[in-house]
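What follows is a pair of complexes built around chain A, which joins chain B in one and chain C in the other.
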Partner chain A sequence: MSAAPPTIGRFERLQRRVFRKPLDGLVTLFIAAILAWLAWQAIDWGILRAVWRAEDAALCREAHAGACWSIIDARHRLILFGLYPYDEHWRSTSAAVAIIATVILSCIPWFWAARRLISLWIAGFATYYLLMEGSPLGLEQVTTDKWGGLSLVLFLFSSVVLLGMPMGLGLALMRRSRLPMLRWVASLLIDFIRSLPLLTTLFTAAVVVPILLPDWLQGDKIWRIIIAFSLFFACYQAEVFRGGFQAIPNGQFEAGMALGLGKWQSLGLIILPQVFRHALPATINMVVVTFKETAVVIIIGLFDLLASAQAAFGTGDWVAYYMETYIFVALIYWAFITSLGRYGEFLKEHMKQEDH
Partner chain B sequence: MLSWRDFRRMTAREVAVQIGLVLLVLVIVFSAIRSAQVNLAALGITSGFSFLDRSTGWSYSFSLLERSIDDPYARTLLIGFLNTIFVGLISIVLATVLGFVIGTMRDSHNLGLQVISSVYVQIFRNIPLILQVVFLYALLIHFPGPRQAHSIADAIFMSNRGIMVPVLALPLDVVAGLVLGSVLLGIGAVRFAGSARRALAIWLAGTIAAFFAAALLLTPDGQDLVSYPELKGLRFEGGLTLSVEVVAMIVGIVLYGAAYIGEVVRGGLAEVPKGLREAGESLGLGSFAVWWTIRMPMALRSIIPPLGNQWIFIMKATTVGVAIGFSDLFYIVSTSITQSGQTLELIAILMGAFLLVNFALAQVVNWLNARLALKGYGA
Partner chain C sequence: MTMKRGWIAAAVAAASLSGIGTSAVAESATLKTVEERGTLLCSGHNGSYFGFVEVNDKNEWKGLDIDLCRALTVAILGDPDKNQIVPLSWAQRFPALQSGDVDVVIKATGWTMGRDTELGLQFSIPYFFGGAQLMVRKELGISSASELGGGTVCVAAGTTIERIVADHLKAENVEHTMVSFEKTAEVIGAYKAGRCDAYAAWGPSIAVLLANQFEDADSHVILEDKLSAEPIAAAMRQGDEDWVDIVNWMLAALIKAEELGVTSSNVDEMTANPPNPTVARLLGVDAGMGERLGLRDTWAREMIAAMGNFAEIYDRNLGEGSPYKLERGLNNLWSNGGVLYTPILD
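Up next, the complex of A and B:
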């Protein structure tokens, strides 16, 4: 039995955090002043003195002008869609919406059953692919080399997660297998890929693999990159799953055997559901990191969000407005990553409470 | 190790699965070698490492050593490797220091410190590193030219050529020797000084004294001890010039890495039982003493393993430098591939270098872990 902590009011608690000692009060006020000044600078430059419409671009050159958002107004289609044909942009938009909807739906607990989650992701991914590629639906065909911008980022992200997740589970199962050969191959692969920078793995897929494969096996560069990226994801995710397996007492396997279930049955019905649950927070973290890491594909020569942003301010009158473009792209990434990360933290807290 | 008994306990199917897997791996490896031979022969490239002696004929942005475009590939690759290590180590040290500050601020009871540090983490952790580095680089190259450079007290200048700072007037090889000596002194101090605080004091005092002693002894009479950057015509002379690429790389990686390390430190501090802090406070220790002598030493045990992962991450993150033309190992290797066509050999060198660096870092982390392990706790 523990005694109830003494209750203190909200105001008193705030007072303790801010004015416990005179120095605390000073520090807090000083930081508040700095933050207020920074916020004011940002608002003044980004909103009050900003130029908004593409037609007003000439105003950007005046001395008192703040941010020149005209470049976003004028070139947002290039930034968001890359080289995708102009008349077909609605397809790129709907495809991106399909992926975002898939991610949002998979945050709802109702979908947290293997079959539902897998069908949801396959459906979302298929919708995306059919809309973007077009030819099976009788639309104008757009090949992958024309995909770009935000839609390409979402495509890389969703295909890496979709392919990498089962690969990661397979590697995790191999690594804890009773059969030494399976264990050794999996450990070697996981440790090797994990100690290389992602960029090295992707570069190898883009540049070296064509030398190692016969012509008919090479496929598009984008698919080679996706498979290498999925392998990278899988090697990290396998370690996440391994952590999940370690949280499960041996008695659970024995209980499965006592019920007369086979090895695979007890794995699928008893062990894996618990592994997924234990591994969920770390998995979401991994998904967030993957979204962020997709940004390096610009170096391998894919036309992602960063590349299309650089193209947007790379020509003509817009060269001076690199800052506005980068801020726009940073905000897009930030919004996606922060909301996914927040959701992960919420889930972690939620599960912690359920456990008690 | 595997024994015959293990095999006898397996079912025929289990043995078949393993043999199948080994065969599959062998088939993949051999067919890769086979098609590599065919493809390379078609391109007219002779494989092997003899290209390392050929001179490159191209230049690149940054080097710690003397270089020319006649350097052989071997030396150019070595320079790239040193650049990666250089930027990686500096970023690791700075990001760790900043990360401990941020993590402690997030853990503090002071509202202002908490708010500003969590704003920091929310911004810098949630934007891709490569975007931050490219953004910083764009900001820096849009600084005014040398003639209109921003200056701080006429000693530090910031222009689109980089940042110029005053520096002790010492030749490069002496500096290299001093840095090596400082590292050795640090290792010795950690090994033989009783406490972390004493080790830190010995290392700092020894390093600073050695640098000044060297400057006093080696500077010719009548010359200044410190070389200041000065505007001569269209460019700066004297001082140390940190090029735009280096500054953007280090600042970008440090800001990003520190956000992650800050979270690691906060997590470690949060795991220290509250009773320990209260015990310290009831002994009359001030808040800094409680942090330094009680909470941090306890927290370090849970901080070190994830911190080691962050260090390895930072080392690997130096590869984004290629986006702004910083000549790290990845940049040198990819340029060498386009120039020489020796793809397989160069990729093997790149992978080998990173395996080596990560292995070395992992050894350092293991050693730290073993040293810090609480006697009587865990394994």
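Up next, the complex of A and C:
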């Protein structure tokens, strides 16, 4: 509403839009009043009457008290780090920063060459793992079952996207292959995994696999979950890529051949860049959904952000303040997902420029 | 699943065959696994369950069930920290037990026939009793569950409470709507927000909530009908009786210690100077306490020194030493008007 071009006159434009007829004006005023009232309520509760410090928790019980942010002050380490040992939190923080830095760096076009990108991600993940696990660096060992909170979510999310993206591309290529065997295998896998809910897939990886496989093949639960989750992601992403492939006329392959390019060369130089561009909006969508879906790992006993938030208010002293905790967690999710969305926009713009 | 259970059964059968002719020394397959691993795997929760499984400000597990796990860890491995608490949801606890993700489920779990038979579990002696009860707003003017006709009841999903309330109301021919939520906090939230007329939960939990979390505690009332007396016990896989023995005697020793007045602070004194033969046996002054279970003779002494007796564990997590201040009530010793008792320590 407020983003009207200044040339027409912002006020005039606004007037024309929302006060055209007396009834319009009334409706506008009514809605504005409701919005203002809601905003006031939120500010009054969340800021003006709020209690901020953990030491002041007793004030939260007074009748006029608003939001009790004391719980965040007192329990934010639990929310952010889950069951990670208290004295080692700096490691969890640094590990999370390493992952975020990796993601941000890989948004910079300079890194968009296969070798640079791969080295960057390997470095990012190695840093994360070494810091979190600790024993190779001579730090106190922290087993994966203690990993939790925001740093676990970031790790799960980036591993799933990182493993799932190439797997998805591979599956999409297999599905387009001229060899019937490859085509069938890919179709079967994609259709099978897509017909199962994510929860079932993860539950199978967490609970059923240990019954079927010998101990030495099982690995930690967290790796089984990451592999299963990546497979799930890959199967959906493969279909997104397939859509991208279908948008490209066959003539381009032939044109590539006519220029003397090999099959893989024309794929890499001509087809894939366009596929990525076509598939971008849907891919960003998948990535955002995946970030949020990491919350289901609570069911198979990983202490993710949501689980640790629930643990934070799940004690006698704090149980009344679950609303504050959920709002805090929602803000964290919002911050990350908004950034992902912004990044998608940036990529789209960037690719548009490449067009010309 | 059956295959693995089959193997365990076979292993146990083999173990018991080889034991023929020798004295009946325990050879629990689970115990052996735990000792080889050097870590006991216990159940945690995906979040918190008031007083039983919680996480403190230092990101460590605490609670009654956690303390019992730690006590078991001391009994077996001699160190309360040599365990790993695996976070599990309510629904996941039994599959996790069957698949070997945990060695024992100590997680506010009710002993039911279905779980005992169909799910292939074994239960320890109960260590806690809690009955399902209902809380309503006073303004409804209800004094018994049978007057709840046409009302809505909020309950946590997948728990025994849900079934007990449904059965009770059905038997009384009370028309009602059941609304279930995954999380206890959500059930409370829904009740507070007026989405339901009644809140069904464990009597003790409701009392705790009412005392601590309701600004308007006076306008709510807990109905007197006790819909059940649910025995809470540890759950184990079928087929390893000796493991059940160990868990049973761990619980019995904690309760016995309370009965005999042995606490974490006087345990050394009592060991040096046992007042009677039972105490001497319990604390391993006289031999025999350990060998019969395949443990050290001093396991109970170490356990009580590290964790305290049952009363100390209760007070720390649910009673005076906790925010809940829950009275012992049914969960007192039989000699103090409760229902807790132990088998005989001979």
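By our rule, the second predicted complex is superposed on the first by the 315 of 356 C-alpha atoms of A that agree within 3 Å, B and C clash if a C-alpha of one lies under 4 Å from a C-alpha of the other, contacts with A are read in each partner's own complex, and residues count from 1 in each chain.
The rule we apply is simple: a residue touches a chain if its C-beta (ideal position, glycine included) is under 8 Å from a C-beta of that chain, and two chains touch if they have at least 3 such contacts.
Predicted model, so just to flag it, every value in this text is computed and none were measured.
Aligning the two structures on chain A places chain B and chain C in clashing positions. Looking at the shared chain after the overlay, A:Leu269 reaches neither chain B nor chain C. In the superposition on chain A, contact of A:Met351 is made with neither chain B nor chain C.
Once the two complexes are overlaid on the shared chain, A:Asp145 sits against chain C while remaining clear of chain B. Contacts of A:Val208 after superposition on the shared chain: both chain B and chain C are touched. By the document's definition of touching, both partners, chain B and chain C, reach A:Ile298.
When the two structures are aligned on the shared chain, A:Tyr322 is found in touch with chain B and with chain C. Legend: residue contacts after superposition of the two complexes on their common chain; A:Arg75 is shown touching chain C, with no touch to chain B. Among chain B and chain C, the chain that touches a larger number of residues in chain A is B. Contacts of A:Tyr86 after superposition: chain C is touched, whereas chain B is not reached. Remark: of the candidate stretches 26-34, 80-88, 98-106 or 152-160 in chain C, the one overlapping chain B after superposition on chain A is 152-160. When the two complexes are laid over each other on chain A, chain A has residues 207-208, 210-211, 298-299, 310, 322 in contact with both chain B and chain C. If you check the complex, the residues on chain B that touch chain A are 2, 6, 10, 14, 17-19, 21-22, 25, 31-32, 35-36, 38-40, 109-116, 119, 122-123, 126-132, 134-135, 138-139, 142, 312, 316-317, 319-320, 322-323, 330, 334, 337, 343-344, 347, 350-351, 354-355, 358-359. Chain A meets chain C in the complex at residues 61, 63, 74-75, 77-78, 81-86, 143, 145, 207-208, 210-211, 221, 298-303, 307-308, 310-317, 319-320, 322.
Within the complex formed with chain B, the chain A residues making contact are 14, 16-18, 20, 24, 27-32, 34-35, 178-182, 185, 192, 195-200, 203-204, 207-208, 210-214, 292-296, 298-299, 306, 310, 322-323, 326, 329-330, 333-334, 337-338, 341. Contact residues on chain C toward chain A in their complex (touch as defined above): 1, 3-4, 44-51, 54-61, 84, 86-89, 91-92, 95-96, 98-101, 183-185, 188-189, 208-209, 212-213, 215, 322-324.
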